[in-house]
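Two complexes are shown next, each including subunit A; its partner changes from subunit B in the first to subunit C in the second.
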Partner chain A sequence: MQIIIQGLLLSGLYALIAMGFTLIFSVGRVLNLAYGAYLLIGGYVYFTISQTLGVPKLIGLFIAAIVGCMVGLLKYRLLVKPLKGNHVAVEISTLILAVVLQAGVVFIYGDSSKILLPIVAGVTQVAGASVTYNLLAATMASWTILIGLYFFVRKTHVGRAMQAVSMDTRGASISGVDPDKINMFTWGLSGALGATAGVFFASYTQLSPSMWVAPLIISVAVVIVGGIGSIIGTLIVAHIVGFMEVLAVAVIAPELRGVFTMLLIIGVLVVRPQGLFGREEL
Partner chain B sequence: MNLRLTHFLMWLAFIALMFAIPEFVSKGTLRTLIFANFLAIFAISWDVLSGRTGYISFGHPFLIGIGAYTSAILTKRFDVPIELAIPAAVAMTMVGGVVVFLPALRIKGSYFALVTLAFMELMYQLVQVIRPDLTGGTRGMSGVQTLTRGAVNGYYLSVSLMLAVALSMWLLMRTQLGTALSAVGMNEESVRGSGLSVTKLKLFAFLTSAFVAGLGGAFYVHYLGSIAPRALFDINFLFTIIVAALIGGASTIIGPVIGAFFLTFLLEYLRPYLPGAERYFIYGMIALLLYMYEPKGLIAIFSKGWQRLRGGAGSEQSSAS
Partner chain C sequence: MSFLEVDKLSAFYGKAQALHNVSINVEPGEIIAIVGANGAGKSTLLDSVMGLTTVTGDIRMEGKSLVGLGSAGIVSSGVGYAPERFNLFPYMSVHDNLMVGAYTARADIEKNLTTVHQLFPRLKERSKQETSTQSGGERQMVSLGRALMTSPRLLLVDEPTIGLAPKVCLEIAEALKKMRNELGATIVITEQNANFAMTLAERLYVLESGVIKAQGTVDELRNDKRLTEAYFGH
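Moving on, here comes the complex of A and B:
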C-alpha cells in the first residue's frame, strides 16, 4: 500500500517533469538537452523570490514559470532557430548551454545545495504511509496541468496547430499555420512547465547546481519509452518509471533507484525505437 | 594515400615542438599540458567515432571509465603487473565498444546519443553499488600504481602517447578505410549502395574509438593514481571531451588536439579569477559562441585566416601552446 501511494505521488511529479520535454520533442523534433536547466532555473528563481525575499509562494511559482518561459523563448531565438535543421548541432549546443547555466547558478548561489522549504507544509497519514502535502500538491498540480494540456492540445486552435506542426511542418504552413510562431509558443510553454516542475522537484529533493541531470534522464526515459509526443504515453510511462524507482528502493536497495530506468531506456530504444506508445502525433 | 612530404614535415615540426616544450615552461604549466594531452587523446577517440561516422556518442566517459577501472582494479586488487593490466584494460574497453555498437545497428541520431548517455549514467550508478570492495564504491580508489614520477616524465609519457595516437589515427584516416568511415557519416545508404558493409565499417569505428579510449583511460588512471566515479562518469567530463573535439574541428586529427589544448589553457587561465566551477560559465560561453560562429571549429577559422593572408592553400599547423 505504501509503495502504491508513494509510486503514484512520485509518478505524478515525473509526469510533470517530462511533459515539457515531450512537447519540444514532438513539435520541434529536437532533443533539448538543456531541458533540465529549466528545472534548475525554476527552482532557484523560486528560492530567491519566495524564500529569500519572502514574496508569497504562489507568486514565486508564477514568476518562476515566467522566467522559465522567457528562457525557453530566448533559447529558441538564439540557439535553435539559427541552427535550424541540424539536430546534432542543437543537441550539442543545448548540452553546452546546460553546463553554462549550471555554472551560472554556481556563480550566483555557490556550490552547496540548499534546502527548499515545502511549498505546502504538513504531513498526513494515508493507509500507513506518510504523505507530505508538498508531494501531494505536486501530484495534483501535475494532474491538473496534464489534463489541461491534453484538452488544450485537442480542443483549441493553437493546440491543433501544434499537432499539425508536429505531424508535418510544411503541410501546416500551407494551411496557414506559422510554424515559427508555434515553435516559439511551444518552447515558451515547455520552459514554463519545466520551471514549474523544477520548483516541485526542488522541494521534493533539494536545490543544488547539478540537480538538472536526474530530471533530464527521467524525462528522456519517459519520452523515449512512451514514444514521441504522446501525452497519454508520457503519463503511463511516468508511472512505470516512478513505480520502478519506488519498488527498487523498497525491495532491493536505495542505491539502485536509477538503474532500472537506464536499463528501460536502453532496452526500449534497442528493441522498439518508436517507443511503447509511439505515434507521430501529440 | 595522398601523403605528401609537407605533411610529414609538419608532423615532424609538431612533434619536435611538443618534445621541446619541457625545456621552456614551468612544472605547473607542464602538469596542465599533461591534462591537455590526455584530453586530446579522449577527444581524438570521440572524433574517430562521432566526428567521422556521425554517431554522436554521449557516453564516451563510459568507455574511458571501463579502461580506467579495469586497469586500476587489476593492478591494485589483483597485483597484476601494469604491463599486462593496460592491454587487458584496452581489450575490456573494446568489449565495451561492442556493447555500445549493438544499439547502433538499429538506431541512429538523437536516439543513439540518448542510449549512450544512458550507458554512462548506468555505469555511474552500477560502479558504486556492485562490488564496492573492488571498485571502491562512491569514493573510488586511490593509491593506484603510477607509471612515472614527476611532471617532466609524465609529460613525456603523455605527449608520446598522444602523438602516437594522433599520428596513427591520421595515417588510418588517410587510407581508403578512413575515407569510407567519413562516407558513413555523410550518407549511410550510398555507402551501402557502393557495396561496402556499413555494419563492418561501423564496428571498426567503434572498436578503434574504444581502443583509443581504453588506452587513454588506462594511462590516465596510472598517471593520476586515483579514480572516482563522479569525476569520470560526469556530464562535465563528457562536455569537455565533446567540446574539445568540436571546438578544434571535428573530422580532423589535429583539430581535437588544438581544441584540447585551447580548452585546457582557457580553463587554467581562468583559475586565478574564478576558482571553482564558475569557470565553466565563461568556458562554456566561449565554447558555445565559437561553436555557433563556426561549427567546423578553430581549425576552420585558422585556415580561413591563413587563406586570407596568403591566398594559398589552408594550413593545418598552429602553435599548440
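Moving on, here comes the complex of A and C:
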C-alpha cells in the first residue's frame, strides 16, 4: 500500500517536472539539456525569498516561477534562436549552461546541500500509509497545473497554435501564427513550470547545486519512453518512472533509485527508438 | 492600380533562383490561373506572396507592399493560402485545424465557420475526425476551410485538384467559384492541368522555368498554337 500511495504521489510530481521539458521538445524540437537548471533556479530562488527573507511561501513560489520564466525567455533569445537549426550546438550549449549555473549556485550558496522546509508541514495517513502533507500538496499542485495546461493547450488560441507549430510549422505560419512568438512563449512557460517543479522537488528531496541532474534524467526518460511529448503521454510515462523508482527504493536499495530510469532510457532507445506512444502530438 | 501586383519578382531558395522577373496583375474579384509544368515555379510564386521565400522585386496588395511582413503579417493583411501539400495539423481534429486558421481573425469565427460548413458540409459531419485519417479530397477541403477562416480577401490555392478524383475536383471547383461569387474573394490558383484551369479562371499566366512565357484570357490562349501544343495536349 505504501508503495502504491508513494508511487502515485511521486509520479504526479515527476509529471510536472517532465512537462516543461516535453513542451519545448514538441514545440521547438529542442532537447533542452539545461532544463534541470530551471529546477535549480526555482529551488534556490524560493529558498532565498521565502526561507531566508521570510516572505510568504506562495509569493516565494510565484517569484520563483517568474524568474524561471525570465531565464527561459532569455535562453531562447540569446542561445536557441541565434543557433536555430543547429540542434547539436543548442544541446551542447544548454548543457554547458546548466554546469555554469551550478557553479554560480556553489559560488553564492556554497557546496553543501540545504534543507528546504516543507511547504506544508505535517504527516497524515492515507489508506494505512503515512504521507507527508508536503508531498500531498506537491502532487495536488502538479495535477492542478497539468489539468490547467491540458485545457490551455486544447481550448485556447495560443494553446492550439502551440500544437500547430509542433505538428507543422509551415502550416502554422500560413494560418497567421508566428512560430517565433509561439516558441518564445513556450520557452517562458517551460521555465516557469520547471522552476515551480523545482520548489516542490527541492522540498521533497533537498536543495543542492547538483539537483538539476536527476530531474533532467526523469524528463529525458519521459520524452524518450513516451515518444514526442503529449500531455497524456507525459502523465503515463511519469507514472511508469515514478513507480519504478519507488519499487527500486523499497525492494532493492535506495542507491539504485535513478539507475532503472536510465536503463529504461537505453532499453527503449534500442528496442523502440520512436518511443512507446511516439507521435507528434501535444 | 490592380488588386494584386507582383512586380519584377525574383525568388530564391537559398542560392537557387526559382523565379526570374515575374510580373503579374490581378484585378479585384478575378480568378486567375498560373499554368505550367512540374518545377516551373508555380508553388514558388505563391510561396513568395506568402513571405516564405527570399525575394527581390515587390509584391503589393491594394498598393501596400507585402514584402518583409512575414507570413503571419501577410495573413493578417488578408491573404489566405491553401498549399499543395496542405500542411495540415495531422493529429488535430478538423475543427481544431480550422480554429488555428482563425488565429488572426477571432472576431469572425462564427461567420467564417458557418461559411466553411456551408461550402463543405462534410467538414461539419467530420468535425471531430483527425485529419491524419482523412482522404485527399477531405484534406483539401480542410485546407481551403482553414484558409477561409483567416478572412482572406485574396486566396491562393496551389494545385487544388492534384491527385483528386474527378467528382471531388468538380466539388472543389464549385467551392472556389462560390468563394469568389458569394464571398467576393479574389483567387489565384496554380494548375498543371490547363483544361481544368480554363473552366475556372478568366485569365491565365503560363510559367516556364521561372519565367512568364505567355498571358491572356482563356480565349486568347486557346487560339495560341504554340501553347495548345505544349500545355493543352491536343
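Everything that follows uses one rule, which is that the second predicted complex is superposed on the first by the 282 of 282 C-alpha atoms of A that agree within 3 Å, B and C clash if a C-alpha of one lies under 4 Å from a C-alpha of the other, contacts with A are read in each partner's own complex, and residues count from 1 in each chain.
Methods note: contacts are C-beta pairs under 8 Å (C-beta built on N, C-alpha and C of every residue); 3 or more make two chains touch, one makes a residue touch a chain.
Keep in mind the model is a prediction, meaning the values are calculated, not measured.
Visitor: Following the overlay on subunit A, give me a clash-or-fit verdict for subunit B and subunit C.
Guide: Subunit B and subunit C fit side by side in the superposed model.
Visitor: Where does A:247 make contact in the superposed view: on subunit B (first), on subunit C (second), on both, or on neither?
Guide: neither
Visitor: Considering only touches as defined above, state whether A:270 meets subunit B (first), subunit C (second), both or neither.
Guide: It touches subunit B, and subunit C stays clear.
Visitor: When the two structures are laid over each other on chain A, which of subunit B and subunit C touches more residues of subunit A?
Guide: After superposition, B is the partner touching more of subunit A.
Visitor: Now for A:164: first (subunit B), second (subunit C), both, or neither, which partner does it touch?
Guide: second
Visitor: Determine, under the contact definition given at the top, whether A:209 touches first (subunit B), second (subunit C), both, or neither.
Guide: First partner only, subunit B.
Visitor: First (subunit B), second (subunit C), both or neither: which does A:73 touch?
Guide: So A:73 meets neither subunit B nor subunit C here.
Visitor: Looking at the overlay, does A:175 come into contact with subunit B only (first), subunit C only (second), both, or neither?
Guide: Only subunit C is touched by A:175; subunit B is not.
Visitor: What is the contact status of A:31 with respect to subunit B (first) and subunit C (second): first, second, both, or neither?
Guide: Once the two structures are laid over each other on A, A:31 reaches subunit B alone.
Visitor: Which value, in Å, gives the least CA distance between subunit B and subunit C in the superposed three-chain arrangement?
Guide: Scanning every C-alpha pair, the shortest subunit B to subunit C distance is 18 Å.
Visitor: Which subunit A residues lie in the overlap of the subunit B contact set and the subunit C contact set?
Guide: None.
Visitor: Where on subunit B does subunit A make contact in their complex?
Guide: It is residues 54, 56, 58, 102-103, 106-107, 109-111, 113-115, 117-119, 121-122, 125-126, 128-129, 235-236, 239, 242-243, 246, 274, 276-281, 283-285, 287-288, 291-292, 295 of subunit B that touch subunit A.
Visitor: Under the touch definition given earlier, write down the residues of subunit A that touch subunit C in their complex.
Guide: Listed in rising order, the residues are 157, 160-161, 163-164, 167-168, 170-178, 279-281.
Visitor: Report the residues of subunit A in contact with subunit B in the complex, numbered from low to high.
Guide: 30-31, 79, 82-83, 86-89, 91-93, 95-100, 102-104, 106-107, 111, 209, 213, 217, 220-221, 224, 253, 255-256, 258-259, 262-263, 265-266, 269-270, 273
Visitor: Where on subunit C is subunit A touching in the complex?
Guide: 50, 52, 70-72, 75-76, 81, 83, 86-92, 96, 99-106, 146-147, 149-150
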